[in-house]
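Look at the two complexes coming up: chain A is in both, with chain B in one and chain C in the other.
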Partner chain A sequence: MLDGMKKSNAKLIAYGGFLAVAIAFPFISPNRYYLTVVTLGFIYAIAVYGLNLIVGYLGQLSLAQAGFFGLGAYVSGLLSLKLHLSFWISLPMAAVVTTLVALLVGLISFRTRGHYFVIFTLCIGVIINLVIEKWDDLTGGVRGLIGIPRPTSIGPIDFISLESQYYLVLFFLSLTIFVMSQIASSLVGRTFKSIRNSEELAATLGINVMRNKLLAFGIAAFFTGIAGALFAGYIRFIGPDISNPHLTFEFLLFLLIGGQATIAGPLVGTLIATGLTESLQFMQEYRMVVFGALLIIIVKFFPGGLVGAAMKLKTKIEKRMNKANKSVNAPSKGENHAAKNRGFN
Partner chain B sequence: MNLLIQQTVNGLTLGSIYCLVALGLTLIYGIMEVPNFAHGHLYMVGGYVTFFMMTLYGLNYWVSAIISGIVLAVLGILLERLVFNPMRNSPSSNKFIAAVGAMLFLEASARVLWGSDFRSIPAIYDNVVVMGGVRLTEQRLIIIAGAVILMVALYVFIKHTMIGSTIEAMAQNRDGASLVGIDVNRVAMLTFAVASILASAAASLAGPIFLVYPGMGSLIIMKAFVIIVIGGMGSIPGAVLGSFILGLTESLGATYLSSNYKDVVAFAILVLILSIKPSGLFAKGAR
Partner chain C sequence: MLLKTEALTKNFGGLTALNKVDFEIQESEIVAIIGPNGAGKSTFFNLISGYYPACSGTISFLGKDMTRTPTHEFACRGIGRTFQTTNLFTDSTVLDNLIIGYRSKTKMGMLDAIFNTSRARRDEGASREKATEVLEFIGLTEVKGQPVGNISQEAAKRLAIGLALVTEPRLLLLDEPAAGVNHGETNELAKLIKKIQQTGTTVCLIEHKVQMVMNLAHRIMVLNYGSKIAEGTPKEISNNERVIEAYLGGTAHA
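For the complex of A and B:
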């Protein structure tokens, strides 16, 4: 019990620390350029959190995520550009449409397994990309959508300045992290993990595998759609490229650098990778020479990413300290998925 | 009517190229259960090697194609040793991610080394042949003939040579193959070499008609995946059949339906097939 409280305290401190730094960032940032980079990083991070739910927690490699990101961006962009709807209507619409499409895709794609699932979702991503590119009348084809309106102001708060847009994105990022951490520590999150560990076992325990997979897929797409809508409102110019599978691969890279199946991982990975990309801008087009090789090394030697490696180091140090103190505290027990998930669904 | 024949021949040309790429992909999948995402980019490197052999060193088209095949065989073996062999005991999604890493690395390397320009392998065989009212360039005929010859050669290699049949043995039963003394590592390297040679041959054949550029592998690898899913992953006849189905559907679809959406066709077929039969059309056994 005491151990649990300590843990949740540590968590609270971590969240509070992050929020304090993030809120103070515009004031301490030496130039506005960093602010734009971090804002964009936050938007991507929201999408990476979605990917984390599917890849990290559910253990299904979905490669359709950039398609959902593009879908969210285009739905929101088109609604506010052509129908002149408020951003506060087009953003939820984008999230809802993306979720519905994802559920439809999930219904079919989760009937397939293993490599078939990966290839199937990749094809869905390609289809969304191609349709956006070819549907000239609606999406403007390769020219894209230009001059998407800024997020509509709420009462006295407008979103014209860079700072205000930063805080807007930060709000959605915090919301995403909050929801994701709630999911991860809940029964639903543990159900996802049990499916990742063994679908057969989960099904034997009475878990409705299909329904849970759909749930995870839908939630992930919801946030990816929000990220897309935020992107459209922030950059205000979108082209078919944002739905290209290459962006999915970048999300995957961000996730793996940070650490899959962790709450901090997506944010850490996205910020570090986008930061590195920006500082290596002279080699923008060539950065994948480094990152491509890095991806292989990470997946081979550090499948837990940076956060995973840090947590391993921490437990190692704690163990050593425990030994030194000759403490009798037993190491915290691993979660017993099987027992906790019995009877769910 | 002429248009129909014309488009059928174009579809066969397209199918031949797909076939050579998909065969390599399905071979590798059959042996190692790795979806080799980088395979389309081996095709791309093959195209570049042939291109440079011809333009920089002024070599003959066929000599360039053979050199390209040798270079690619070495590259394929390197890929197996450096990326896939170390990953052989990892979970399958990690193998997939490693393959994606290799793909991104190859494409970016091509951009660094050779720039992002579109290039075209000089066409030597661009005379027009008229057959029964249909006008064809010689290169299209060479593509189809080349693909057929390579397919037959592959068949003979696998079915009628000792070393080739180790590939089939391992695809059928990995443990059984090692029990009878087949060296798993050697077969894996051999398979990657053969698959890479096929990919480079596809690029050398297609180069004079299509273009050579760093991203040329991206779309074809996805289509090759569609093909081997349609044909059953790991199945050689399935890959051949799937390639020609796709090539013909695309070229006829582009003529009679919509040329704008011709690339969507491939992926739509896959979605349709997997919706009806989640394990592919000709899947072997489970999954």
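For the complex of A and C:
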């Protein structure tokens, strides 16, 4: 009980700290360029949170995510550009359409497993990319959509300044993190993890594997669609590239660097990787050499990513501190009990 | 009658792993299935737990046809099982294994999780309570916080049984619960199985340890090459000519 309270306090402090820094960032950022980079990083991070749910928690490597990101961006972009709908209608529409498409895709793709699932979702990603690129009349083909309106202002709050756009994106990022952490710590999150660990055992215990997979896939697509819509409203010019499977692999890279199946991982990984990308601009295409090496090191030595490694370090230190504390106190009944437990190892 | 199979058959390619088996399990008994290696015992379990679809024949449970029911529904309707090779959620602790085992009995969904509704809290509390209760029952309270990779073989066997028990089965299928554990531990497991039956759960077990089967089972079915060759009380089975022949003849095993 006490432990639980300690844990939730630590969680609150972590969230509060992040929010405080994030809110202060526009004021302390030395230049506006950083602000644009971080805003874009936040948008990508929302999509990476979606990927984290599928890959990290559910354990299914979906390569269709950039397709969903592009879909969200185009739905929102088209609705606000061609139908002049408010951003506050086109964004939820983008999320809903992306979710529906994902559910349809999931219904078929989850009939396959393992490598087949990976290849199937990659194909879906390619198909979405092709449709966007070839459906010239609707999407503008390779020319893309130009001059997408900014997010519509809400009463006195407009989204013209960079700062206001940053805060808009921060709002959605916080929402995403909140929802994801609620899911991860609940029975629903445990259910996803059980499917990752053993589908057969989960089914044997009465868990409807298909339904849970669809649920995770749908939620992931929902947030990926929101990320796409935010991207369209922020960059205001989108081309078929944003649905290219290349982007999926980039999301995956962000996730692996940060740490899959962790709550901080997607944000940490995305910010570090986008930051690195920007600072390695001078290397152009050769950037990937750095990323490749980084990825190998992480996969080999920190399978839980940076956040996973940090958490491991933390429990190690805590254990050591506990031991130190115990040797100070006279051995009590509880101590004997703990010793017995350890002996079981 | 709890479970009834009629002409239950399973082919793997050209191999008939289970051949037209008729069998019945009565409420609150302990029945055992024995037979040489490869006789089709595990296959029989895999069919009546919905793990594989049958090729032909029928399964009915509590009077309802289950032949076309999806796997996860079997647990919901009251058939719990363990696997021959102990199957646990290896990436979590003993307690967390049991908590997720109770998931099919809880109702909370995505929205409950996001808004941490009273239903979510109730379900999480109930899962924890049930897990703790089963932990006590199977005698693993001491190791509840351990990752399952750290516990002994015998503890893992108990946990696998506990995992099936949290689903609150009417019928519990145990596939070689005492394989690979020593004599003393086997006796402890036999006690646990007896205790499970006394709480009102029907048990069907596959076991090669003859002594254990003879002591526990009210009734025994013997399979050989996929077919039922005998059925009866332990006494009847130990005197049955065909059974003795099957064990001494083909792939001998004790």
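Rule of thumb we're sticking to: the second predicted complex is superposed on the first by the 325 of 345 C-alpha atoms of A that agree within 3 Å, B and C clash if a C-alpha of one lies under 4 Å from a C-alpha of the other, contacts with A are read in each partner's own complex, and residues count from 1 in each chain.
The definition used in the following text is that a contact is a pair of C-beta atoms (placed from the backbone, for glycine too) under 8 Å apart; a residue touches a chain by one contact, two chains touch by 3 or more.
The structure presented is a predicted model; accordingly, all values stated were derived computationally and were not measured.
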item	value
Which of chain B and chain C A:116 touches, first, second, both or neither	first
Touching partner for A:292 - first (chain B), second (chain C), both, neither	first
Touched partner set for A:20, first chain B, second chain C, both or neither	neither
Touching partner for A:201 - first (chain B), second (chain C), both, neither	second
Residues of chain A touched, compared between chain B and chain C (which is higher)	B
Touching partner for A:300 - first (chain B), second (chain C), both, neither	first
Which superposed partner A:154 touches (first chain B, second chain C, both, neither)	neither
Partner chain(s) touched by A:313 [first = chain B, second = chain C, both, neither]	neither
Chain A residues touching chain B - in the complex, by the definition given at the top	55, 59-61, 108-109, 111-116, 118-120, 122-124, 126-127, 130-131, 134, 245-246, 249, 252, 256, 285-289, 291-296, 299-300, 303
Residue numbers on chain C that touch chain A, as the complex places them	49, 51, 70-76, 81, 83, 87-92, 96, 99-101, 103-106, 108-110, 112-116, 120, 123-124, 127, 142-143, 145-146, 150-152, 163, 166-167
Chain A residues within the chain C interface of the complex	179, 182-183, 186-191, 193-194, 196-198, 200-209, 215, 219, 340-341, 344-345
Chain A-touching residues of chain B, taken from the complex the two chains share	29, 33, 35, 83, 86-87, 90, 92-94, 96-98, 100-109, 111-112, 116, 218, 222, 225-226, 229, 233, 260-261, 263-264, 267-268, 270-271, 274-275, 278-280, 287
